[in-house]
Amino acid sequence: MSSATDIPPNQKARAMSRSLILGGMLAGIMLILALVSFVWTPFDHAVMNIPDKMQPPNAVHWLGTDHFGRDILSMVMVGARTSLAVACLSVGIGMSLGVPLGLAAAAMRGSWLDEMIMRGNDLVFAFPSLVIAILITAVFGPSAANAIIAIGIFNIPVFARVARGGSLSLWAREFILAARVAGKSRARISVEHILPNISNLLIVQGTIQFSLGILAEASLSYIGLGAQPPTPSWGRMLAEAQTMVSLAPHLAIVPGLAIILTVVGLNLLGDGLRDRFDPRLLEGRA
Amino acid sequence: KETVTYATSLEPPHLDPTAGAAQAIDAVVHFNIFEGLTRFTPDGAVVPLLAKSWEISEDGLTYTFTLQEGVTFHDGSAMDAADVKFSLDRARAEDSTNAQKALFTAISDVEVTDPQTVVVTLMEPNGSLLFNLAWGDAVIVAEESVEMLKTNPIGTGPYRFNEWIQGDRVELVRNPTYWGEVPPLSAATIKFISDPTAAFAAMMAEDIDAFDNFPAPENVAQFEADPRFQVLVGSTEGETILSINNAQSPFDNPKVREAIAHAIDRHAIIDGAMFGYGTPIGTHFAPHNPAYLDLTGQSDHDPDKARALLAEANLPDGFSTTLHLPPPSYARRGGEIIAAQLAEVGITAEIINVEWAQWLETVFKGKTYGLTIVSHTEPMDIGIYARPGYYFQYDNPDLQGLMNRLNATTDPEKRTEMLQMAQQTIADDYVNGYLFQLAKIGIAKAGLNGTWVNAPTAAIEIGALSWAD
Amino acid sequence: MSLLDISGLSLSIGALPILRDVTLSIAAGEILAVTGESGSGKSMTALAVMRLLPQVAKTRGAIYLEETELCALSEDDMCRRRGRDIGMVFQEPMTALNPVMTIGAQVMETIQIHTDMTRAEAEVEAARVLTRVGLPPDRFALDRYPHELSGGQRQRVVIAMAIALRPKLLIADEPTTALDVTTQAQILDLLRDLVRETGMGLMIITHDLAVVAGLADRIVVMRNGEVVERGPTMSVLTHQRHPYTRMLFQASRHRVTLPAARQARSPLLEVRHAVRDYPTARPHLFAKHGRFRAVNDVSFTLHRGERLGLVGESGCGKSTLTRAILGLEGLQGGELLLNGQPLSQKRSPAERQAMQVVFQDPFGSFNPRHRVERLITEPFHSAADAPTGRNREDMVAQVLSDVGLRPEDAQKYPHQFSGGQRQRIAIARALITRPELILFDEAVSALDVSVRARILDLIADLCRAYGLTYLFISHDLSVVREICDRVLVMQNGEIVEDGPVAQVFAAPQHSYTRRLLAAAPVLPDMTAEDDTAGAPA
Amino acid sequence: MLHYLAKRILSLCLSLAIASMVIFAVIEVAPGDPASFMLGTGAQEDTVAALREELGLNQSKLSRYFSWVTGMVTGDFGTSYTYRTPVAKMVGDRLWVSLPLALYALILSTLIALPAGIFAASRRGKLGDMSVMGATQVGMAVPNFWFAMLLVLVFAINLRWFAAGGFIGWDKGLWAGLHALTLPAIALALPQAAILARVMRSALLDVLNEDFMRSARAKGLSQGQAIRRHGVRNALIPVLTIIGLQFSFLLAGAIIIEQVFYLPGLGRLVFQAISARDLIVVESVVMLLVFAVIMVNFLVDLTYALVDPRLRRTP
């Protein structure tokens, strides 16, 4: 099929790889920062040096110091760990529960199970997520673990929906019919044929949820319900910098930029992957 | 300009000061809408208000109050001795929901002798009755309007309640039939801004004329540098302390508590958490009080000594405990610094941030905590150390005896002496870590006169305000 | 001077040349057919005339419409010509119309863009045009939406849109490929009549030589972006000067030599009074579901060694019946017997292995992530005695060479094969368990004529080697005729005719069968040396 | 259609019932006692007990659940523990801030996003597309409270065009009210606009690949005309879905923005109520929000039928 608005595949490939590379680079840098922080940070991120507080970036403290005189670069590095871990684990929760539910719903399309899963999904979607996340963390005590659970719960229906949507079209495909003719059970077909073929969709959705998770963690931390001190997190650094923006702008700019760059990176990565995995390209004919 | 917009951090849950936690309600209504028999002056002295004068019997058991004349409630009804009796009886009744019921336990009887005279009889002499009656919890209300006070407060004060936009502000208008001197400003808005950033922005954008107790000390320097504003730094009644659960091991060992006291660097905390605002204290007493003893030297910052003391207590490698932190920034920021300081001597304090409701439940009521930071804002509250059931769980019969004797003493000099003995005792026992007296950071537009510098009580007295022009 | 003159048109996208030096012309009132295999550049040529090519496409050469050089026009000028001077009809009637606009509005739009008629006038005009294409407003109100029409009716709306302003040139890109034979015949008639009436030039693109033969005045044959042969229809059909054209013709008229059936007369599969209902939406909340009967009381017997065909137009229930036989969907009535034993909904592994299937879509029939070896051994899934190790490898190698592939291909992925090769893999998968019965559901419909011919030969070869029994489902009568002994004709879920191929094609009994046969375009016999072929009188 | 409606309403009621149970259960396990919170540190045990009795906190959980639910059904949302005013009235007051704010933000984001999305789609791959898409990337990545902070710094503190926060009320006039809500609405609208613009663009691009767009071009419409007449309406379904989701998010999710601008809205009411353990307010407001989300989605479903005649068919 050709149409007046199509860009030829090779041109498209170049455009997408640009966002793939840029996104991969940004997200990669943050990941490396987080990993390096396990073995090395310029200073101990927890050591306070109150007389040296709120120093602007300088030769000793490359990104300056915070209101307790801690080294901001070190905190951002360790904070990357927290933010990425919260986002990553909450995506993990969403995927590990949502994907099986979505697969089951698609496999049993039209049955009561499908109906129940989908209604359950709608119900979770109907809850105001931020309010419930606040409620959960307020009830069970603010902590990174509870933030992960609160964010993770709202990832479940997202992945269930993506998995179900992606699977439904596959169930109508002839290779699934062929597997059914061979006598394979629905569960087995889901694992063997459906799951690998929706993995692209899931990866793309995963990067998007990942970036949303980072923003959600920042929001929860902003109202004090995310990671608890002394564990640094970008969101909490921002929250603590709030009142000091006009005194020492770098306190808010550094973690703010860290969040923005990571999220932009992840989104670009997601976009790039989506283009790369374009189902139309995957099917083998345009 | 005839009006003022005054901001404060906390919104009151309702507007009846006789039926709820004092602070936020008092800030709005005390001295503005409601008045008591006595009142605090801005420097903390107790002076007559609705009671024009009083006589105390020789044995200190009978107080005869003579009331002001011509006082009416905002609904037009007259305030007389019957209202006083009603108010006091209601506060001390069996089913009373008064948050400070303890203020009235000494009273055995209230009698009306004539419309202008009330006689209060005590069970035993109580030197602080006049002081207690100045609290917001002891204001005079009328029986007819008492049901409605929470949403439509009716008192005798210089301002009448106009409107309450919940979540935003309370509006007050001048009471034209006020019995005393009519205040200069015709109306006032009290706004509630809890977020420190929002507070800063609102002040800077001149959306508000004054902030009662500014929640972000880090911004004060900017206000000071700006000619549009005046900064009034004073003191509150808040002793900010690192409370220790005295009944819990290893804190039941005085050596451990002493070690904690020496591990703490007050100046770093005042600097780091409060940006320099706050007076160091070495015991549970307000430094502006004449009876104050400076005992800070007894618990100076000395990590080596702290480590040595821990070793003496058979804890050479330190131990782990919890540090519960309620929302205000003195606790959250101070807690982080203290945790770091304790870590230096080997004590691992796990920070647990809690909401007030949770703090009350787990720390205050449940007493399942190791350490916590809180500012005790009730004035003259050293008596809490005589309550073994109080959340520090400090049980010292000597101090309890001392406090009982203090209550029965009316002679000011003797009282001072006894108060100092009490201060010394708790400092010697290292009951808690004593950090600093919470500063009151008032910010106001240049030209606004009459704001309180200190805060003997939480009230924002609109009647005292005026604009210079 | 002809109406349209394309001279030396070359087109490339990136470094990839798509068209090379294409030259052709159409006179007013003439029908030119452009034909050739898929991907040969037919559509690109048409789009080049419309100047609707992808933006990245680079063209050289000249396109004249009467006196105007189209390539030199500005985009605005070109917009004024499209729809007024040149109309275009696309292949897919299902998607060529805007689903959220009424058909009247869509036809009126063409009129209103190019003229200053008022709404009311345009509406009258649109009604007139729609009447002309066979959609009179009294039966097909202008405010109908596309989804309320059938495929053929939608194609008429598309044509109405294209001819509303009586363009000088009409380009129709595969206008009937998506339609069934009877509808196709009607649309082709309509186009022919329009050309005759208005004297416009028609460029019709099609890969179906039979359509070409009955319609076009002249033919252009394309291959790999080049014109390989051109000329008046009759002359091209008779002479077939270019080898490619000859190959194309031979493929279209390919005769399969099917070995004689080894009729054992023992019933292999019996279908008795099969009924399949689909639930439809409830008419109201407390009512029961409505139902749509897709297969209605179908009975037939398939004997061992027999090759049975099943024809009928789209939507008549062919695939539904296949799915029921395969046990993928249950029946609401009737029963199925295999070797005299009733087949339950839950099939035993032996019953599953006895029946295999080849589907239509060579691209969708395989999990793109599995290797060929894994794909074709999938039918062994439930077998207790599935071969393993060496045995299995031998078996895969054997079946691959049976279908004309190499044993090494077992390690490749499906995307590394062409459409025809993939269909061979699909057949290999169906053969590997040595099933008693194979179902072919439109197994060659998606293939090019030449590829199709080779697959049909393969099936015939396999019949020779293994004596297959199959049910061959197709909407294409000519295919069924080649590859089956007996044929069933299905209409609206019912079998309306059943008989030996020769008999049904020569003397159809049922009126529907007759209609089907009459509508199917046929390639006239032009070559002297082939004397067996020819349309039935 | 009627049948469809009835079915939707049935499942709607069921969802609400389950939601009410979930909300009640979660809130009941929350540690913290509203009575002791209200009385503070000075209170004595018997005072707290008296207050608990007065608030009805001593009844069994089950009977409290049922009296809550039956109250909700009859429109009685109970009385706030801490404020002592009917929850319905509190919610009513707050709604006058939250609802206009959500609508304002939604309108802003739609007004920005749809043209931006259309613009980007029609310039696909060109500079215009890339700059719009780059902007949306940043828009989606900026934490909205951070952006809000920036807005206050620039427009309230430095330029002093707007108040830094608070809400003066609608009785001061429509214009004054809108003026007060402008900064918060912008802060809320920006990330939403970024998402919406992307959805609009990709939906349009999908439509652009449809055959009927080619038909439209073949009629003689220019690319721009074709997008406007045929593309936009067909792209509207995914866009509507997102707008529906966004509206519910804006209604409930503005907590943080309400905090930054100290607006007396629903979000902040819930937040305060959670920290004060004013259980009845939390329960009722969350329930209302859930109800609102379900209703909005329901309405969005109905509007699909307006946009797409294929969904209008009555069975």
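Note that the chains are named A, B, C and D in the order they appear, and that numbering of residues resets to 1 at the start of each chain.
Here, a residue touches a chain if its C-beta (ideal position, glycine included) is under 8 Å from a C-beta of that chain, and two chains touch if they have at least 3 such contacts.
Please read all numbers here as calculations on a predicted model, not as lab measurements.
Any chain that touches chain A and also touches chain C is listed here: D. Interface comparison, A-B versus C-D: the pair with the greater number of contacting C-beta pairs is C-D. Distance between chain A and chain B, defined via averaged C-alpha coordinates, is recorded as 46 Å.
Centroids built from CA atoms put chain D at 50 Å from chain C. For the pair chain B and chain C, the distance between mean C-alpha positions equals 87 Å. Centroids of chain B and chain D (each the mean of its C-alpha atoms) stand 39 Å apart. Under the contact definition stated at the top, the residues of chain D that touch 2 or more other chains are 31, 149, 153, 157, 211, 214, 217, 259, 274-275.
Counting partners per residue, chain A has 3-7, 11, 138, 242, 245-246 as the residues that reach two or more other chains. In chain B, the residues touching two or more other chains are 197, 327, 355, 358. Those chain pairs judged to touch are A-B, A-C, A-D, B-D, C-D. Chain B contributes residues 11, 13-14, 20-23, 94-102, 150-151, 165-169, 191-195, 197-198, 201-202, 204-207, 327, 355-358, 360-362, 364-365, 376, 378 to its touches with chain D in the complex. Listed in rising order, the residues of chain D touching chain C in the complex are 2-3, 6-7, 210-212, 214-222, 229-230, 233-234, 307-310, 313, 315. Taken in their complex, chain A has these residues touching chain D: 3-7, 11, 15, 119, 122-123, 125-132, 134-136, 138-139, 211, 215, 218-219, 222-223, 235, 238, 242, 245-246, 252, 256, 259-264, 267-268. Against chain A, the residues of chain C that register as touching in their complex are 13-14, 16, 43-44, 47, 52-56, 323, 326-328, 347, 349, 352, 355-357, 359-361, 363-369, 378-382, 414-415, 429. Looking at the complex, you find that chain B touches chain A at residues 196-197, 200, 216, 218-219, 221-222, 268, 271-272, 327, 332-333, 335-337, 339-340, 343, 351-355, 358.
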